[in-house]
Amino acid sequence: MLTGKTIVVIGGDARNIEMMRQLVERDSLVYAVGFEEVDAQIEGVYFSTLENIPANQIDAVILPVSGLDEEGYAESHYAESSPMVQPEFFDTLSENCLVFTGIMTPLLSRLSEKIKIIPLFDRDDVAIYNSIPTAEGALMFAIQHTDFTVHDANVTIIGFGRVGKTLVHTFSALGANVSVCSRNEDELARIFEYHAKPVHIEDLDSSVENCNILVNTVPQLVVQPSTIRSLPLDSLIIDLASKPGGVDFRFAKKRGIKAILAPGLPGMVAPNTAGKILARVIQSVILKQES
Amino acid sequence: MLTGKTIVVIGGDARNIEMMRQLVERDSLVYAVGFEEVDAQIEGVYFSTLENIPANQIDAVILPVSGLDEEGYAESHYAESSPMVQPEFFDTLSENCLVFTGIMTPLLSRLSEKIKIIPLFDRDDVAIYNSIPTAEGALMFAIQHTDFTVHDANVTIIGFGRVGKTLVHTFSALGANVSVCSRNEDELARIFEYHAKPVHIEDLDSSVENCNILVNTVPQLVVQPSTIRSLPLDSLIIDLASKPGGVDFRFAKKRGIKAILAPGLPGMVAPNTAGKILARVIQSVILKQES
Amino acid sequence: MLTGKTIVVIGGDARNIEMMRQLVERDSLVYAVGFEEVDAQIEGVYFSTLENIPANQIDAVILPVSGLDEEGYAESHYAESSPMVQPEFFDTLSENCLVFTGIMTPLLSRLSEKIKIIPLFDRDDVAIYNSIPTAEGALMFAIQHTDFTVHDANVTIIGFGRVGKTLVHTFSALGANVSVCSRNEDELARIFEYHAKPVHIEDLDSSVENCNILVNTVPQLVVQPSTIRSLPLDSLIIDLASKPGGVDFRFAKKRGIKAILAPGLPGMVAPNTAGKILARVIQSVILKQES
Amino acid sequence: MLTGKTIVVIGGDARNIEMMRQLVERDSLVYAVGFEEVDAQIEGVYFSTLENIPANQIDAVILPVSGLDEEGYAESHYAESSPMVQPEFFDTLSENCLVFTGIMTPLLSRLSEKIKIIPLFDRDDVAIYNSIPTAEGALMFAIQHTDFTVHDANVTIIGFGRVGKTLVHTFSALGANVSVCSRNEDELARIFEYHAKPVHIEDLDSSVENCNILVNTVPQLVVQPSTIRSLPLDSLIIDLASKPGGVDFRFAKKRGIKAILAPGLPGMVAPNTAGKILARVIQSVILKQES
């Protein structure tokens, strides 16, 4: 429980709404800045402005998933104009106050020399929790953008990291025939234990001849023309890797193979769950700092 | 293999395109009537009109999934005007010729006194194969129309017939906590073996208090106001049962609970697979008749 | 709940011990006949003899799984001599008294002309519940009697009835490559949906060339010399079908292939669960009769 | 393929027999030392003695899983007396010759200053592959040593390392309700994704109140009297951790709770698979060294 803690949420999207609900349920005092357009009241949340909050009593500041841009704006989906945070604001915070963001931005990096900033999306646990809605989003696209079932389809997943592992569970569970590409011997052993087909990344091209759905998670250009040329023409490519992605989209288009770049799936298919994840990890960080 | 067989396909949709491809691959001679607007040629398929086909040499006639309407029209998605079949056409067919339709219509019922008509969608095997794309479609809606993950959601499935059984596999596989409602003791035992929670249909209302997603497959009005009143307000209802469905949509709307009627999923999410299913079963019926 | 019900248990094994515990927990009054050698007391169970129980107040009599032999003996694992039930005993029972047995015996068949006897093992729900410990027993043998893992082994299951369905879940779950043999088209469709490989029983022989473990559930001689000759020499056959089983054991031995007849698995690997199953179904029958 | 490679296997058990078969299949030349009592010939393997093998042409030496004892003996299950290896033998090997052992022993540690020794069981990939037969062995014990089914049993697994992860797959697949104890936040997130119940190791004691089967993989005394006191009296403890194990066996006995120490499961339940694993990894190491 977060009894006695004062938390300020500055900007954000649907995820932050659910996050605030969860933080209130954990008994903290929550101020929301930049949420004027939220339809209904959120019980226990005080809509306010930065000036009106006693800065030295704040235990945690929560910035949007996208952090602060160069001018200090915190993007908000629920305000006509996104709130702006002056650098001086951070000077007024107490020494133990924690500042959470989704990702670091240049401005935050510079600020982090003075104050403690926790980029949530860099944490393994957040990445693992988020891999679940990510995999469900990928599955949704696979169902939607093909004219065959995932059941009994040949699915190749590239990368067996935090997202890749969850994808294997998800697609295998639906009855797909899953192959997984990795560059690492130990991971190949684990892929075998998952009862998927391990493929060394060097053998990617020759392994996709009968592939129906290719899902990439490697944030490097791994799906190159040679791979795309090996794919059947009616296959689907889904790229989950962060920009610029790992797929040669230009070549896929030329070849006539449908390729989808699918960023930001957790916020898209499950903002509520994504908000719960953030609240859970924020609580765990605050409590750990204390002890 | 269907070597030496002559098959005439009259009208239909994307499913019938793939079906024809499969029938050609099994070495039959395929005529297509009412497909003038198909973009590309389908190798091995002869586009023609009923008049130009030697009726007495036909081994099988395949009507659209929706059969023939009262005037004899076979609905076609690939022709400006759907082809019409005169009752006399059936008189010219040889005695052993099989006529396939998806469902029976009044006209077909009357015709079936003279000729052998096989309503494919009445067959258990077709219903079971089709339950797979149906379940994937339901899953797609569940991902799309909720703001939480299916993983760890509480899902109640009503009915444990051909579609219900597949739904349990699908949703359990994704990590949902699945309950299944049935009126039958033996099925309750099997539900337990599936590692889902068996609920007697009499206890439906009291069992849905924490339900996040309710999927109905019973073609009777089972989701009545009393059930809907027990559901959380942010839950989702998906009704798969044939018209008029099994959900009191009016009351759900009044209560503010999102309810979706989702008919025709196989043709929608996986026409290609649905076409393969039809070809597979048609072949098996033709070969069985022969032996 | 069975409040107010008087139940007499005559003979039995470890299953009946747990069954009595469960019946007491459901608030019935339980008399045990033929259990003198049970180590500890079972709370709420009265150890007695038939003569000392007011027959006309009995609501249910529970015979051992094996029923009564020709002389009326109820086999007991917990008594020096099994208790004997005189035919006259049944005459003294009230009209509504239910008599439960596992299986019918000739004596019971004759008695059933006068009194209502319920052979529990003929019930679908009991067979389905029992299929779970049966499948676990088969799995245990598969692990124990091979020198390879079930994971990634080729497993063929013959029959897709109550036990067969559960076996597919069990062996697929462990990562085996499962094929299932059936003579029924509809079941072949369901086998496909289970994501196992459907094999028509006519193709059994040609399908087992790389089979590592063959599990039979069909109570007919289906595993004949031609099948056994097709099996690899280091494969294992497990026969679950009731005596005389479905495997030509003599030929398997001659061929040098290990074959195990494994009857009575629920009582062997999970007597406690088996007892719970019996209590659950007995309660449901008693309550149904009442309403 | 290992074409042109000369490999010498000195001592070992059933695993090494299969390993040799696999190495021959990969086209290497295999000498076996200390296998006089093998019943049949192994095609392509030359039974010999160390003196008769041209040491400078050897590409790899494979010692038993248990390595060499202080006097240089390589324990052999297939020889009247285990073969002995003189320290000088290693001097005669060519510079690139690889020496494989299961585990390091003091003698091997000293030798490793001069020659390259590869302790296979220290490798992640070997540990992951071996986790599969290990989990199947644990499952076999769970079925055998309880009188209830694993299906629907409450199972607690301690540790989520290489063996722990596989155990979760195995027990969840059979329909157990699985909880997993770990001390690590990120692993708790992954446990959730596996759809098991994450439990922080600090909460172990309070979490096992309804536990039916407790499986430990942590090689530290984690199952202490306080935990054992919280367990139901009819639960089963299976300890997989290496000697001295992680369970207070003395206290479990005093308390009357059945506790099993189960070492060496891969060699016990699946020597053939274990041998295949070793061959696979040995090949991969040899080929990697070359390139």
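When the chains are written out, they are named A, B, C and D in that same order, and each has its own residue count from 1.
Here is the rule we use: a residue touches a chain if its C-beta (ideal position, glycine included) is under 8 Å from a C-beta of that chain, and two chains touch if they have at least 3 such contacts.
All values derive from a computational prediction rather than experimental measurement.
Interface comparison, C-D against B-C: more C-beta pairs in contact at C-D. Rounded to whole angstrom, the centroid-to-centroid distance between chain B and chain C, based on C-alpha atoms, equals 37 Å. If you average the CA atoms of chain B and of chain D, the two centres end up 50 Å from each other.
Under the contact definition stated at the top, the residues of chain D that touch 2 or more other chains are 132, 151, 175, 192-193.
Judged by the touch criterion defined above, the protein chains are all mutually in contact, each touching every other. Note for the complex: chain D touches chain B at residues 151-152, 175, 192-193, 195. Every residue of chain A that touches chain D in the complex is listed here, in rising order: 123-126, 128-129, 131-132, 165-166, 169, 185-186, 188-190, 192-194, 284.
Residues 14, 18, 132-133, 136-137, 139-140, 143-144, 146-151, 169-170, 173-175, 269-273 of chain B touch chain A in their complex.
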